[in-house]
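Have a look at the structure below before the remarks.
Chains: A, B and C, in written order; residue numbering restarts at 1 for each.
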C-alpha cells in the first residue's frame, strides 16, 4: 500500500466489469471443470497436485526411515526397499521439485507483470494434465507391484532389460517423458509470457526479481530437459527394441547414460533452486520493508548461476575412470558457481541488516535458508573436490548434502512462499501460531534427520542400502534420523491442518495484508478471473511502494472476449492486442490420448504409430477455430499492415 | 471502446484500441513459442549427434558394420527437403501480406513437397546399411533418422491442417501469423536435416 | 558408549590410527597413505568451511538481532536506496565476495595438491590385483610378473603393509564400486571399461570395504575384507593361495569333496585340484582361510556355512546361488571338507 496520497484509480463501469468477469471465468459443470484454462485455476490444481506428490514422497521416505532406524531391519525386504527409494527420489525430483515451481510461477507471474493471462493458456492446461496423468501412472505401477527399482537415476547396465526384467524401468522412463514434456511446455509458456506480455512500462530493469528467476529457470529447462528425454528414450529403445546404446558388448557405453543424465541432472537441481531465490528476494524485501540490495547484481547472479550450472555435470562422475585433468576442470567450475550464490546471500544479509523486520512465518522459513542452504552449499564445496569426493560419493554424506541444499534451498523458501501468497490465492491468512509451530518442528526435525547423515557417511555407510549390520554401530545415528523424520511429518501435518482451517476461518486478507510492493497485491484476494480490471502501466520496480504516476492504467482492451496486451521484449512498449482462446475440453482429451500413446509404448513400439492417431485428432480439434467465436471478433480486427506501429 | 472516459487527450490512461490485433515475426507470442520449440529440438538433435560421435570415439571401427550408408536416397531427399524451402518461403511471404490466395497455392505446393520427402524417407530407411539393434552405431543412426522423421511427420501434419483451414475457414488475421510461424518451423526442420544428413551419410566416411 | 560419543562429537576430525571397536570401514581413520592424503584435505576443508559458516552465521544473527522490529502493514517501505546508492553496503558485499572467492581458490589449490599426491604413489614392487565385480561378490585375480604365480580368490584380499597395491577394476555385469575407506577413496567398476586404484596400507589390520554403487537387489550385502599384514605373512598367504586345495585326510572330508564335485556346486564354483571348475561363482580353493562368507556378511564357521549352503536365499535374498538340499550327514561332510580348504 502506498503511503502517498493518490487519486482514485480509474475503474471500469460495473456492467463492463461484470462482462469482463464472465469472459475470463471458467465454465460451470463437470465438462466445464475439465475445460477450464484460466491460468489461476490450472495453477491451483497444479500446486495441489504437486503437494500431494510431496506428501506421497514424504510417506515413502518415512518407510525408508523406519526400515533404516535399526540395524538388520525387517520392516521391508530388499525388493520393496529398492522400490521405495527409487519412488521417493523420482517423486520428489520429477513430480514435485520442478513442477511446483512452475505451478507457483504460472499463478504469480501474470499477476506480477500486470497481465491477464499466461501465453498459450490451453497448452498450459495440457501441461498440467499430462504431468498429472504421468504421476498417476507411476503410482499405479507402484501399487500393483511394478514400481521402478533401479534408482531415480536408473544407471545402466543395471536398468537394462538383462538386470531389470519386467516393465518397472520402462514405466520409470516413460514417466520421464510425461513430466519432461510438461516441464518443457511450461517453460515455453513462462518465457513467452514474461518476454511478451508485461504491462506497459515494465522494462526488464523493472521486472520483479522473482520473475527474473523464472525466466532464467525456464531457459535452463529448454536446454537441459532434452538431455534426459533423449537418454530415457534410448533406454526405452534398448529395453523394448534392442538398440545397443548402453551395451558395451555392442559398441555402447555405460557412461553415455551418465553423461546425458547428468547433463540434465545438474541443471535440474539449479532449476529447483533458482525460483526459490526469487521467493527469498520477494519475502526478504517485504519483511525488511525495503527493496533488496543490489538489484543488478542479483539479476546477473541468477543468470550466471543458470549458465554455470551447465558446466558442472561431471562432478557426479568423479569415481569413474574419466581423465583426471578433465575432472579437475569440473572441480573448478563446481567451486566457481558458489560465487554468484554468495553474492546473493551477502546482498540479502545486507538487506536484512538495513531493514526493519517483521519476524512472521513467511520470513522465518526464508531465514532457515541462510542456515540450511549455507551448510548444504559448504558440503557441496567439499564434494566438489575430486579426492574428497572419492570418500564421500555414494555415501550418506551425499544424502545429507542433497537434502540440505534441496530442502534448505527450495522447500523451506517454498513453505515461506505458501505462507506469503496463500492470502492472495484464497483471501484468507494462514494461522500465525500454527505457522510458527509448523516452522520450528520442520527446522528442528530436518536437522535431526539429516545432520547425523554427514557423520554416517564419514563413518562408511554407503547409500541405497536396505539394511546394515549391527556391528557397524550406525544404529544410533540412524535412529536419531528416523525420529527427526517423524517430526517433519508432524510438521507437514500441521501445515495441512493450517491450510484446511484457514480456508474457512482464517483472517480475511484483503488486497495487500503484507504491505508489499509488487503488482499482485494491487488486486483483490483472490484475484478476479481477469486479474486486472484495467491493465496497469508500470513506472517503477515496486509499483505499489512508489508514488503512482500517470498514465496509470490501460484502456481499450475488450471485455467480451479474452483480449490481452502484447508488448515489446526489452522495454515493454505497446505492440499489439491478442485474442486468447476460450476454455476447451481438447487439451484434456488430447492429454488422455497422449497418455494412451505413452503407456502403450511401454508395452509395444507399435503404440507410437496407432496411438498417434487420436493424439492428432485431439490436437486438431484443439486448434480448429470455432466459427461463431471467430465471426464475433473479426469485425473488430485491426491488421498490422493498416497500422503503422 | 470500454473506457470510463472517451477523451483522447486524457493522460491518466493509455488507450490501446488503435493497436493491431495480431502481428508477425518476433512481435508475436507464437514466434516465441515456435522458437522455444526450435531450441528444444535443436538441443535434442545436437545431443543425438554428440552421442553419435561419443560412441564413435569409443569404437575400433566405424561404422561397425563396415560399410557406410548408401548415398543415393539420402542425397535425393536432401535435395527435395532443401527445395521445399522455396514454396515455404513464398507461403510465408504471402501470409505476411495477408494474401489468402497466395497462401493457399503455396501451402498446397508445400504439401506436395512433404508427400515427396516422406515417401523418399521410407526409401532412405530401407537402404540404410545397418539395423537399429545390430550395434550402437546402428542405434545412433536410426535414432537420428527417427528423430528427424518424427519432425517431418508432425510438420507435414500440422501444415496439412493449416492448409485445409485456409480453404475451409473460419479465418481471422491470427491464422496468417500461424502460417508464417509454421513456415518458420518448416525452415528449422529443413535446416536441422543438413547436419544430420552430414553425420549419417558422411560422418561414416571421414 | 564413549566411542560412539567420540564419533558424534570429535569424530568429524580425522584421528590417525585410533582403534575402534566396530569393523573398520570409515574415512575418518586413515591406515594407508592415500586415505591419509584425503584425510588431511578433509581436515583443511572442514576447518575452512566451518570458519566460513561461522562468519556468515554470526553476521546473519547479528543482522537479525540489531534490526528494529515492526509490523509490515503499519510500516511504510524505506525507498532511500532507490535515490541514494548504498556504497558502503555494496563495498561490504564486494569484499565478502572477494574473500569467498579467495577461499574457493584455496580449496581448489588444496584439491589439486591432493590429487597430485594421490597420483604420485611410488609403485615399485607393487602387488597387482585384478578385481572384478559381480552381483553381489568380488572376484580377485592376483597377477604376477610370472603368470605361473597368478592365483584367484574372492571376497577377501590380503595385502602387504608398506608395499603399493595396484588394483585393476572391472565388472562382469552392472556398475559396482570398490570402497575401502580406511585405505583410499572409491573407484567405479564399469562394464566395458577398466580403471585402476593405487593404494598402500601403512598399518596392519583388518579393513572392511563395501560396494558403493547401487547394483541391484543385494547391493547392501556386497562387502569385502582387506587384511593388511607384514610382507612375510602376506607372502606366506600368497604361497598358500597358489597351491591346489588340500587333499582330504578323512573319510568324511573325502565324501564331502565327492559331493561337491557331483552336485550343483561344481557347475559354478572352482576348487583347484579337484574336478570342480565352474567360473560363475567365487573360487573356493582356500575358503577356510577367509573370515567371512557371502561377501563379507556372515562369519565363516560351520553353522553359517551349512545354513548358507542349505538356503542362501534366506540369508541373502535374490542371490544367484540356488538352495542345495542334502541329507544332514552329507551336508556335514561337505561342510567338513570345505573347512579343510585353508
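One rule holds for everything that comes next: a contact is a pair of C-beta atoms (placed from the backbone, for glycine too) under 8 Å apart; a residue touches a chain by one contact, two chains touch by 3 or more.
Given the structure is predicted, the values throughout are model-derived calculations rather than measurements.
Engineer: For this assembly, give the contact graph shape among line, ring, star, complete and other.
Structural biologist: Shape = line; chains linked end to end, path left open.
Engineer: Tell me which chain's centre, taken as the mean of its C-alpha atoms, is farthest from chain B.
Structural biologist: It is C.
Engineer: Name the chain with the Cα centroid closest to the overall protein Cα centroid.
Structural biologist: If we average C-alpha coordinates per chain, A lands closest to the whole-structure average.
Engineer: So, what's the distance in Å between the C-alpha centres of chain C and chain B?
Structural biologist: 52
Engineer: List the centre-to-centre spacing of chain A and chain C in whole Å, with centres computed as mean CA coordinates.
Structural biologist: The computed centroid separation for chain A versus chain C comes out at 37 Å.
Engineer: With chain centres taken as the means of their Cα atoms, state the distance from chain A to chain B in Å.
Structural biologist: Result: the chain centres lie 30 Å from each other.
Engineer: Going by the touch rule set out above, which residues of chain A reach two or more other chains?
Structural biologist: 252-253
Engineer: Which residues of chain A touch chain B once you look at their complex with the stated criterion?
Structural biologist: Per the touch definition, chain A meets chain B at residues 10-13, 16, 119-120, 123, 184, 187-188, 191-192, 195-197, 200, 222-223, 225-227, 229-230, 233-234, 237-238, 241-245, 247, 250-253, 256, 259-260, 263, 534, 537, 550-559, 563, 565-566, 568-569, 574-579, 616, 620, 623-627, 630-631, 633-634, 636-643, 645.
Engineer: Which residues of chain B touch chain A in their complex?
Structural biologist: Touching chain A: residues 1-5, 11-24, 26-29, 32-33, 36-37, 39-41, 43-44, 47-48, 51, 54-55, 58-59, 64, 97-98, 132-140, 142-143, 157, 161, 165, 169-175 of chain B.
Engineer: Which of the residues in chain C come into contact with chain A in the complex?
Structural biologist: The contact residues of chain C facing chain A are 3-4, 7-8, 11-12, 21-23, 25-28, 35, 37-38, 41-42, 45-46, 49, 52-53, 56-57, 59-60, 63-64, 66-79, 81-82, 86, 89-90, 92-93, 96-97, 100-101, 104, 107-108, 110-112, 114-115, 118-119, 135, 173-175, 177, 179, 181, 184-188, 190-196, 208, 210-220, 297, 317-318.
Engineer: Across the complex, what residues on chain A touch chain C?
Structural biologist: Listed in rising order, the residues of chain A that touch chain C are 1, 3, 77-79, 82, 150-151, 155, 157-158, 163, 248-249, 252-255, 286-291, 293-294, 297, 319-321, 324, 328, 331-332, 335-336, 338-339, 342-343, 345-347, 349-350, 352-360, 367, 370-371, 374-375, 378-379, 381-382, 384-395, 454-455, 457-460, 462-469, 471-473, 476-477, 512-517, 540-542, 545-546.
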